[in-house]
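The following pair of complexes shares a single chain, chain A, combined with chain B in the former and chain C in the latter.
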Partner chain A sequence: MGAWTTMDEQRTEATDLPNPLGQDADALRISGLTLAYRTPDNRLNEVVRGVDLTLRRGEILGLVGESGCGKSTTALAAIGFRSADIRVLGGEALLGADDLLSMPREALRAIWGKRVAFVAQQAGLALNASLPIGRLLADPIQKHLGLTGEVLRRYQIELLRRVEIRDPEQALAKFVFQFSGGQQQRLAIAIALSCRPEILVLDEPTTGLDATTQAHISALLVTLVREGGVSVIYVSHDLALLHDIADRIAVMYAGEIVEIGDADDIVTAPRHPYTRALMMAAPSIRTPGMVAGIPGRPPLSTVRGGCGFAPRCRYVLDACTRQDVALLARGGHPVRCLRATELPPGAPGLAPLESVPVGDVVLKVSDLVCQYSKWMTPTVRGVSLEVRHGETIGIIGESGSGKSTFLRGIAGLLPPTSGRVEFRGKPLAGSVADRHRAERRDLQLIFQNPDSSLNPRQTVGAILKRPIRLFRGRLDHAQEHALLERLLDDVQLPRAVLHRYPAELSGGQKQRIAIARAFAADPAVLLCDEITSALDVSVQASILEILVRLSHERGVATIFVSHDLAVVRMLAATTLVMRNGALVEAGPTAELFRSPHHDYTRTLLAAVHDLPRGALPQP
Partner chain B sequence: MSAIDEIGTVAETPVPGGQQQRLWTSLTASTSGTVGLTLSVLMLAIIVLGPFLAPYSPTQIGLGMPNDAPSWSHVFGTDELGRDILSRFLSGGGSVLLVPLLAVTLATLVGGGLGVLGGYASVQSRLRWLDQLISSVFDLTLALPPLLLALVLIAGFGTSHMTMIFAVALIFAPRTGRILRGATQAVVTSDYITAAQARGEGLPYILVRELLPNIATTVIAEFTLRMTWAVIFVAALSFLGLGAQPPSSDWGLMVAQARSFITVSPLAVLAPATGIAVLSVSLNLVADALSQHLDPASRRKGATV
Partner chain C sequence: MALQDTATETRGAAGARILSVVAGRLCFAAITILVMSIVTFASTNLPPEDIARNALGREVSQEQLESYISANGLDRSMPVRYVEWLSALVTGDFGVSTVTGRNVSADIMPKLGNTLILALFTLAISLPLALGLAVYMALRTGAWQDVTLLMVTTVFTAVPEFVTGLALILLFGVLLNWLPIDSTGLIFGTGMQRVSAYVLPIVTMVLVTAPYTIRIARSAIRESLASEHTRSAILNGLSRRRILSAYVVLPAAVPIINTLALNLVYLISGVVVIENVFNFPGIGRRLVEAITTGDTVTVQAIAVLMGAMFIFINFCADLLAAYVNPKLRAK
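Showing the complex of A and B:
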């Protein structure tokens, strides 16, 4: 077994004692970590409870869970950092003999940057934009290593070379905004590793980056930390990514660790229903299937007197809600579940995909060229596609490949410079303003970010009524209300949301409203622009379930733009690969993903992390 | 399944108590907001009800001895022509409030309207010329010194309330316009505007129904702040003799006329000067409290997310 232990075993297990001979085997020992947020009305809201974690020397430990499960809070508190509104209620985090939780801020300053380093999610925001890279990089090196002058410069250049920044000499004089998102993250990593820390905490370091960039950076990270013998806590919501790079994975839920073990064990033999649910929510490329969302939302604080996951658990028993469940090994890796031994063995599988009957061509786009200005090179350079009744077409590519602009061109929001859009054989006007009402009804857009696509000053009712009034002809009050209620039922929201403002809803609920608004118009074609990219994997799964069900029921044709290949694999019968505004490759999705012809498609596919899948769960 | 699970989380959030109620509670939440609101209401009462409460006619000369000290018959004393200062003070606030109010309303409607239109046009490739045109007009008007502009207009069209209103509106319109153009640009790139365009909504609908509610907070704050400046500016015009003319009891004019006798009859200057100052400061306090309320960072606290 290992350094993870349950509370009872902890006192007796020898590996937990500092090794008297030679170096300590553990880099960081966290025990009983309990944290609370101070609410605006000055109450304490416990968000992390009794977390015991041992970070072994030289290992990568993954922390995984949905947003709000306490993983980032735990990782940051473990190195002594906490925001002003957080209180440590108990526990310790031992770095050697020093407890980082009880240490005064002044003493921590000597440790941070030197022995312990941190990389934030968005390097572009985490790095000071008004200082050149050279200065940002020099600060920790001067302070902790005392290098100056030419030695410092050579050290900096070597560091930048190690994180694969081109022209390191020039880069030192540049500013953060002059680098791409991926490069910024490389710089942040260089700064974090500059003083050869013992421990590195990474908080979603590649989230928000393109899949290929993400793959490059995580590969680089693994190489660097392995070479340097750094111990890493890697926080991510992406179980598949962690499986590929981490040695061990701890799954967190409601501020507690619910399962911890070797990365392979966690993924091939998940023992907690939550881990299984996370896996079933993640779409797969190798073994495509229908994802399943996790109903409900994670609680906002820790749960006492019962299992926190019980309300969302498909295996729940009465006993689960009556007592706290301990993290116990129970003949495998430790898991916090009463029914751990009764769960089906192995990784859960995904339900098979339904095949959909496909009808006539609804929308035909030929040689579409779109440009934002006459003087700029076109963003979309001659892309064609055909989509049939009931069919879903996926468009994949990195950011900047022109896939979203292509959708805008079809929708008439960016009138194309040349090319044709035909709907049921009739050409559509280039600009949406010149299209007939019925034509506007037939093409409905769903946007990436529901925060931006729903007017914050309108109630959900007002938002949904507008397309009904524009596109559904004359309806009396009762008919309209019946239609509204049916739309909400379709997207599985309670009727009470009609009187709510978007800010009162969660991200997933908002995106459902956006879907309901599109269906309110009774469209023939849905144009989906990265509609799940801003959502948690569990929420993404429920959104996809809804989208698939509704478009099958209504026979709607869908063009689904995404940078997430696994999602496209699940949804689309046909896939288009775009790069630099042009079509690289197109074909039936299964075939295209199995044997891509183009190198670019191969690169995209190689960047995907996938989970092993097993048989379907028996409810 | 998820519908049932999510009902609980949705139903627990309180029904929003309407924009008005939240506005009122947050205005009175801070001391400065309460003080500003109280003083504003007090000044409004004086200005509106004052003419009816005045014991004498504000323009009747020889009511008492010139520059008489306060007494029971003349509580604030009399001015250099023997007029009752209290009566003049009570009936002289009208134009100090009304002229700025009308002028700022006009400036907000015209300047703000153009600013919103320009802000919207600035991100539409086909309408960019319109924004450039509007912005140039703003810049041109902004280049003229305010007082000089007022002077020229008043010299050309004579001193009347109408001229004053137009002069002040003309001075403030490009300033308000610029602020609202910026506020518009901040929200116009939101996808809900794009969604409205994709539905084929007309320009008036997009501007009034989709966009305006999202910048309403800025409009209100800008209006109130502009009012405080307008009060002082109009009073200054009257003081310079460019506004109200004798024998009017306008506060700015009162200060101008009685200032030579400030040592003999100080209340003839102090009363209207205080009136102007309090009106301006109280409006400013309200504007401050408003913008605090409208600032999304401070509003988040109350929001249930």
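Showing the complex of A and C:
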């Protein structure tokens, strides 16, 4: 018994034993879970410490935090699974009377898939592409339920029908890569639920899918688990999503639970500065405002002798760094913060958005048509827009709506079939290869994935020098260096990264380099293609802060493509809605989001999860 | 009922599609063989006088040479002779050697048979051996068994095949005296003598080809073991055997098959060296003989046969890779 068991203080001791009469009220009881990562040089690095979690029967328990805070590791360990480099240092995970942590692998095989199931983030990777769907489904069903022949086939078809796969008979013979991302996740859910498990662990099951697909899948999941009475651990970095679907939420930081309570309580009355910071990093549609990033990054291991969040905390006191902080009720739901009672009550609000002075039209696009091949229908079918000096235009739509292709057409990466792109009144050549150097400088594109847009074999310095030398004319060494340093300051990166390679940087840092590279050219128009979609909420917030500040300072016109409506609501004064390559609706963002004219826009808006917001925090 | 109909229908349509893909590949292979035969014929095509001199010996008069040339049609243009050669070739007639005076088919076919037996046994032993060891090593990555085996495979990959062959002859043929030091038993011996004549060449070929396959297979299987789909299979509670076969080895099969095809191609050319080390009466040794005696007709025949085998092996490997990897099949 350590300090970490305090959250169970209110509970009676009888819960330590399985209930001999009738069904257990708890589906899974995790206590004192402590895990370490074994480094390649054989040292143990504690990554999860003293986690106590009780999964109640039939509830959805959300586990939230930034990447690297230990939530996936915890959820997997809770069902007895850990990768080869993870060691259990202590604790137990009781399923009835069985401890999944100490159970041998062979015994777990009878439990996994049958009583406890798992759905991974990327179904495209999690499903074996060498076997047809029918086989993937049949494997666990034959093993655990023993169905065969026609009965098995009917059962499989019924399962696929339940997860709303079209043509289930045909789907059985197909392979995973023949389905879209959303369909793949439905298949993964069908496999997980195939043997009617008591417990389901979901690891970011909708992350990476576009907003409407996300909404459909999470709605389907909730329906299925509620019908089946399944108890769910739902791991996500999306607090707003968890608020909408989970019964309780546990917030994790540095391998520990820092706050746990009813979903509504966590969001309407967050008691840990980290939870508040996460909420302030999330953009909102209903109460739009400026997001705030969380400075720094989560530690790579647990922290002893002080609060792990202290270095990033705006409420930090000396006392916070001197002692471990226990998870205590402190007059509300359990929280691991000395100042829990002193924090402002209610949900934190977002700072008001600044309005930006807008100048002349910089870029005018008329009736752009783009197609990848002469024989295919155009991906973009006659879209027009105007963007002014200092203005940000948002383009929203589902994946496949042609919004990214539209950007590629403007940039000249995919020369348009017809239509005009005019820069300050002068028409630009269709292909980027035919544009003058100055014209190329004026339009800079930032891509979604910095891993593929930054050359892995060049240092950050070399990456940034290229546009400087191409577009900034002759600079002497000192001038060039001064410019490099200013660019890094602008994106809040230390100067030491100049000598680093992209692989040595985090995802957020890489995206900052990509932004710095675009600004290195001193552009007039910035084309942003889903630039924050692959990032954590907190990292996204810092990137958005940088982007807003820089484009205000430089008066850059920005076209921001995203499937995240809340981000567009925050950034853009004007929004375009695209569907199937055509413009569905366009107008001032506030108006368009408040009273959309088109049904499609309404569907997009309905898919958004939003957090309740309160007053601004006191500085 | 309706259900089954659709299923048969899709299966039928898929079958037709697979058939058309196979037919396409086969056409491509045939064209490649044709091109290769032109290159072979053109590059081994000596001036008519040299051919005649090879056949008749050095001490001949100009008239004798000329009459030989006109009698054998060597004065006609090369394309004409190529077409004639090719049309004989497709009926299995490789012509008559100008050096030995024997029918080339009758000469090389038994030797080709010997070589194919050698290659087949090598494959039949080294494939399961390589796969088994690769799985064993991948499951124990970093452990002493893995490290030791890795070192052993490195050594065997680095040592040239004739050194391996000579070392085996020294050990089993000379020091232990268990096996014949060469394969001439295949020609003169009977029964067990014939069988034992195969052993050392096969062991050498296995030792030369398996290590590389092991290394490639090991890393493919390691990657597959660490993949998310393997984790999902584990978390579905499937048995260890099922996970290994269908979720670990099957998805890793494509690189293994490709390596194997490369190895087989190597086997065909490497067989030249090994057959010479063991005096093995196979097609590789016959090729070397034919080259040294200037036996153009035999060289052409063997070159075309070997080339066709290369292409056939690649064709089979492509089909097999497409069979185990549905993603390739879809393309």
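Throughout what follows, the second predicted complex is superposed on the first by the 602 of 619 C-alpha atoms of A that agree within 3 Å, B and C clash if a C-alpha of one lies under 4 Å from a C-alpha of the other, contacts with A are read in each partner's own complex, and residues count from 1 in each chain.
As a convention for this text, contacts are C-beta pairs under 8 Å (C-beta built on N, C-alpha and C of every residue); 3 or more make two chains touch, one makes a residue touch a chain.
Predicted model only: the values in this text are computed from it and were never measured.
Applying the stated contact rule after C-alpha superposition, one finds that A:170 touches chain C and leaves chain B untouched. In the superposition on chain A, contact of A:467 is made with chain B only, not with chain C. Touched residues of chain A were counted for both chain B and chain C, and B has more of them. In the superposed model, A:131 makes contact with chain C only, not with chain B.
In the superposition on chain A, the residues of chain A contacted by chain B and by chain C do not overlap at all.
Residues of chain C touching chain A in their complex: 3, 6-7, 10-11, 227-229, 231-240, 242, 246-247, 250-251, 253, 324-327, 330.
Against chain B, in their complex, chain A makes its touches with residues 40, 293, 295-297, 311-312, 372-373, 411-413, 432-433, 435, 437, 440, 443-445, 447-449, 452-458, 466-467, 470, 489, 492-494, 496-497, 499-501, 503-506, 509, 517, 521, 542.
Against chain C, in their complex, chain A makes its touches with residues 79, 81, 83, 108-114, 116-118, 120, 122, 125-132, 135, 139-140, 143-144, 169-170, 173, 175, 177-178, 188, 191.
By the touch rule above, chain B contacts chain A in their complex via residues 1-7, 9-11, 13, 15-16, 125, 190-192, 194-195, 197-200, 210, 213-214, 216, 301, 303-305.
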